[in-house]
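Below are two complexes that have chain A in common, paired first with chain B and then with chain C.
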Partner chain A sequence: MRSEQEAQLRRRVSQLLEDGTLKVVLGYASGFKGTRPLFVQDTRHVDRLVWNEACEANLTGYLLREPLKEMLDAGNRIGLVVKGCDMRAVNVLIQEGQVDRSKIYLIGMVCEGVRDGSDFSLKCRNCRVQIPEGCDETIGTHTELERLEGNPLEDILKVKAMDLAERWAYWKQELSRCIKCYACRQACPMCYCQECITEKSRPQWIEKAPTLSGNIAYHFIRAIHLAGRCVSCGECSRACPMDIPVDMLTRFVAATIEEEFGYIAGEDVNAKPFLGTYRQDDPEDFIR
Partner chain B sequence: MARIGVFVCWCGSNIASTVDVKAVAKAAASFPGVAHATDYKYMCSDPGQNLIRETIESEHLTGLVVAACSPRMHEPTFRRLALETGMNPYLVEMANIREHCSWVHEDKGEATAKAIETVRMLVEKVKRNSPLEEIRVPVTKKALVIGGGVAGIQAGLDIVTAGIPVIMVERSPSIGGHMAQLDETFPTLDCSQCILTPKMVELSQHRLVTLHTFSEIDEVSGFVGNFKVKIRKKARTVDHDKCTGCGICMEKCPAKVSSEFDRGLSDRKAIYVPFPQAIPNKPVIDRSSCIWFTKGRCGVCKKLCPAEAIDFEEKDVIVEEQVGAIVVATGYDLIDRGLYGEYGHGKIKDVIDGLQFERMLSASGPTGGKIVRPSDGATPKTVVFVQCVGSRDDSKGIPYCSRICCMYTAKHAMLYKHRVKDGKAYIFYIDVRAGGKGYEEFVKRAVDEDRVVYLRGRVSRIFEKNGTVFVKGSDTLSGQQVEIRADLVVLATAVTSSHGSRELAQRLRIGFDQYGFFTEAHPKLRPVETTTPGIYLAGACQAPKDIPDTVSQASAAASKVIGLLSSDELIREPLVARVDEKVCIACFMCESTCPYGAIEHVTWKDPETRKEKEVARVNPGICEGCGACLPVCRPKALDLMGFSDEQIYGEINALSDLVKVIHDE
Partner chain C sequence: MKTIEDILRLIEDWQGKGYTVVAPVRSEGLVSFEVLRAPSQIDFDHVLTVNTLKDVTLPRCETLFKYDVEKASIEPSWEASQPIVVFGSRPCDAAAVTILDSILMGEVTDSRYARRRENMIVVTLACSQADEACFCTSMGYGPHDPTGSDIIGLPSKGGYVFRVVSQKGKDFASKVGLELDEGRADPEPELKRRITTDGIKAWLDENFESPKWEKVSENCVSCGACYYLCPTCHCFDIADEAGASRGVRMRIWDCCSFAGFTKMAAHQPRVGKHRRYRQRIMHKFKYTVDNIGKTACVGDGRCIRYCPYGVDITEVLEALRE
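And now, the complex of A and B:
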């Protein structure tokens, strides 16, 4: 199915650029170790677009960064190639008023799973959004889809099973390697503040130097800032040059929120932000 | 360079006996930025205040820390003092070394150490305080009263006496509320309608009153002094400007339904005035029972109306009003008839509730004041009254006391005995709560003079056998089970919150308890205020109440309104949240967490880049400074004046020696 999808994607992008519907389309091209993002503005470059198992990245974050942000602000309509899971990120950005839905054109790809190296990505396990919803058009057939078995929280459960001392040692070991390059922040589609709290100096919340206590403060604050917003796309960990599984922290918070409150960030574009809602029957048994 | 003055108070022996105040002052003198530190017996006394005043001038102080009692106690005192000397009052902080220190600790050494650290924190805070100016908000001199029962009427009358216009919104077609349904009132047995109707008339004819009956509150926005209210005037289907109130329509209308006012003891027409003394005394059409609206034919009223006042096409109208204050007086309801199946309420004809009995007693009621059995119209010779039906019954979900039942049941039994001389009246009770003025004497009169029999115990079952009603219960004083053959049973059913109270509370953004009663700001000291400034409570919407208490609370609420609206501007403390527009990312998470609706969307132009963007703005007139918006603001564009991140951070860092931190290994 993938090669047919790829051919159709190229055809459609070509048409959309030609008839002036879109100024630019963001998709995937072949690159070092899999794929890289590709901005197609000219129909001559359409053939560089690919659709394959290596299209793991969530490209949504680019919408809020240059040069796309400037193009959007100037009133251009922008095309974006998305998987079902990427749609959750788009939805959160719409929910938070950061993206005007009418300014973007979503080309949804029916997805048979993407790979992180040789294995299917954790996020593909037990995937419920293989067929993207809410797109302007969808490419691919709905039949013959095989659901990928497994638990997307496998890595988290492993750490959770450790005893307290063991877990502390694990995180100390992982987070002490952080070099505070902020690649995780830059890669995250939800980290779009123009002035990040890490840059605040009055007061200075987070030590600038990569010390363990400062690193812990940074990653914990990041997890809290993504509470109810993290869509578990894993971009942060993919971006980490030190191979720290930083996404485990934000995904753990997301999993807790789903378990306790039944809220999945980005699942419903019309839902109110998680931290901004209050129901009388909210569970409170975990408050001690 | 900061020049902070630290003033340590002994509070007589309150502080000085447990905290070494001299040591605190000595330690404080060495803190960086402290220019002067001293102690005194009573800082709040005149000599104490003079000491501070003189020191501010002689030492050129830039900020004060008064180490004394709770800021709730004397912060205003010392802030006022600062203002007198020309210092901004928000450069004064209290270190609470009494409630937080001397009163809760015994060891003098440890208490002193804690006091020193507390002062150290506050010194660090004051260094980061910035001068703040009071917020002035203009007010609309007009009040809204929601609910036209005795509470709303009293509040409205008191408010207009002060020359402040009142808009009254009442859900039903007439004002009067439950009090209009009552016959005689305890403990003086004066006629309810005779004392209420003059007030109804006075209110409705007052030049400063706008009456919206058959209307509901659709939307409330704005804030204290400046509320915007959308009132839905439901379609009456009768043009009250044309209607003369002749009554032909009601006479000829063929559609009959049971009367809400008479609680089902009589019928009313689909076009109706709820009771003869209603205000306005002009009919409305109940569209759910009108044949024209349900079946599309009839139109008798329209054909017969000499004034051509019937308008079947009429639609709901939304009226917008601006008011400065709101009094909520929405009253109460009684529990559902189905709640007490074991008492046959709603099933057995001769088992009625207190309000039905009240209608029966009323001279203008369905029986013309005669007490009769609903089943056959005969005069009941034995009447059993049951108290606490629902109230104080956890198993029915109503643990609270309804407060009015003991008294009205005594009154009912008494009035029954006055009208049926040879009748027998029994009252089942748990205990008799007669705490008001003249109440105990009233109950005693029922027992001694009118020979009402009080049986202490609960009723287990009320049932009908061969057309006769039996009441089975226990008399715990004699330890016997009793079964009484009753001609009529009157249940004192529990008072509940008015239907729709929760929805109204959400619209008004005021609190309510688990039973739907509105919550006051403080149960003892702010009993008529809600936590939302400018919104006040009167009557049974807050908790079950009798008429004297309701009227007192209504007058109290009115006096609050008059006080609030007596000046042209409201002065508010500047301890509100503020947005750094440059940093704001317009995610409006703050808007969704703000319980007061204080967040606005505004366009802001960056003075550097000249670019425009949408940002959040905190309306200082609405903001209560609760800080709920702060934690959800990820870039920390929001800060709370007087409790800024920098101030709090400074306080915490002052303790860094005491705090165990995670050290790198």
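And now, the complex of A and C:
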């Protein structure tokens, strides 16, 4: 199915660029790590677009960064190749008023799973969005789809099963490797603050230095700031050059919110942001 | 020829003689330079460590001094001076040390860097393999190049033959009683990635402004992975980790990709990621060449290997010159 999808994707992108519907399409090309993002503006380059198991990255974050942000601000319409899971990120950005839905054209790819090296990505386990919803068009057939078994929270459960001392030792070891290159933040579609708390110097809220305490402060604040917003795409960990499973922190918060409140970020584009709503009959006093 | 077992015994001996040994250690999927606890930790099979010798010479953060405003006191902070043997660096990383030497111990001497360099012996293990990101030969080095090493071990029939490269290496060898080897080295591995740097400097001299900068930096998301893992990038920032009256002043790596890089109170001279990416290329392939006569790139390929979004410096250079 994938090669047919790839051919159709190229045909469609070519048409959409040619008839002026879109200014640019962001998709995947072959690259050193399997694939890498590709900006197609010229129909002569559509053959560089690929669709395969290595299309693991969530490209949604590019919508809020140069050069797409400037193009959107200038009123252009932009195409984005998305998987069902990436749609959750798009939805959160729409909910949060960051992206004007009418300015983006979503080309959804029916997905048989993507790989992180030789294994299927953790995010593909028990995937319920192999057929993307809410796109402008969908490429791929809905038959022959096989749901990948397993628990996407497998890694978190393993760490959760450790006793407190063990867990502390685990995170100490992982986070002490952090060099604060901020690849996780820059890769994250939800990390779009104009000025990240790590950059504030008056006052300087957290240690700038990549010491263990400075790293813990950064990653924990990031996890809290992503509460109800993290879509569990794993882009932060995919980007980390030091192999730190930083997404476990944000996915743990996401899993807790799902468990406690039944809220899944980005699942429904019409839902209100998790931390942006309240109920009159909330049982907790502090909210009223 | 020395076998791996011979080498492990040597390292144990050096540790016993009071040397701190820094060497590549594997931890799960990652191989990085670490202070060795035991010789058996050394990994001999990797292509290249994730971190560089900057972790020894120009660490990611260091305290410059402590201060107390109320007491009006400043206390400089120096780590204990100790002899360090870097064992098992690759030729590209050793070559990078010579570039940083020219910059940080050139016209102006960075005393912290200089002190660490003085105490550091570089014992390289030359490469018996290369991966698809390696391009040292394109930058004028090679898998067996001795530039920057004090002693180099060349792969030979499953072991290594050790040769002295510098006076420092010679002194170290005689001090620890390291016997040098006769015998021939294995042939150097072939590198698949090859570019020519001809014309790049000339293009950069003329094209500070060019629409190509936006094109080549399109994929960049302005993180610092390429910088932080680069063996020659050396920009840093000074920051205070301070309380109300007491604090420490630190030197921390900084990176030209970051939006706040060189941002001043009144002005940001590099608005837009393409201008910051241009800074990276200009710094490596023009400014450093103008200043010290060398390119600040050794072709180690880490920026290609670790860029989360496939920015490829060799491709960029070719696209610029094209």
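Assume the second predicted complex is superposed on the first by the 278 of 288 C-alpha atoms of A that agree within 3 Å, B and C clash if a C-alpha of one lies under 4 Å from a C-alpha of the other, contacts with A are read in each partner's own complex, and residues count from 1 in each chain.
FYI, a contact is a pair of C-beta atoms (placed from the backbone, for glycine too) under 8 Å apart; a residue touches a chain by one contact, two chains touch by 3 or more.
From a predicted model like this one, the values you see are computed outputs, not experimental measurements.
Chain B and chain C, once both complexes are superposed via chain A, fit side by side.
With both structures placed on the common chain, the touch criterion links A:His225 to chain B but leaves chain C unconnected. Of the two partner chains placed by the overlay, only chain C lies in contact with A:Gly61; chain B stays clear of it. Looking at the shared chain after the overlay, A:Gly97 reaches chain B, while chain C stays out of its contact range. Applying the stated contact rule after C-alpha superposition, one finds that A:Ala209 touches chain C and leaves chain B untouched. Contact with chain B, but none with chain C, is seen for A:Ile197 once the two complexes are overlaid on the shared chain.
Of the two partner chains placed by superposition, A:Thr43 touches none, neither chain B nor chain C. Set against each other, chain B and chain C touch different numbers of residues in chain A, with C touching more. Of all C-alpha pairs spanning chain B and chain C in the superposed arrangement, the closest lie 6 Å apart.
Overlap of the chain B and chain C interfaces on chain A: residues 211. The residues of chain A lying in touch with chain C in their complex are 29, 31-33, 35-37, 39, 57, 61-62, 65-67, 177, 179-183, 185-187, 199, 201, 204, 207-211, 238-239, 241-243. Residue ranges on chain A touching chain B, taken from their complex, read 96-98, 172, 176, 192-197, 200, 202-203, 205, 211-213, 216, 225, 272-273, 275-277.
Interface of chain B with chain A (complex): residues 582-583, 585-589, 591-593, 614, 632, 634-636, 645-646, 649-650, 661-665.
Remark: chain C residues 28-30, 32, 50-51, 60-61, 132-133, 214, 218-219, 221-225, 227-229, 237, 239-242, 250, 252-253, 255, 258-260, 272-274, 304-310, 312 touch chain A in the complex.
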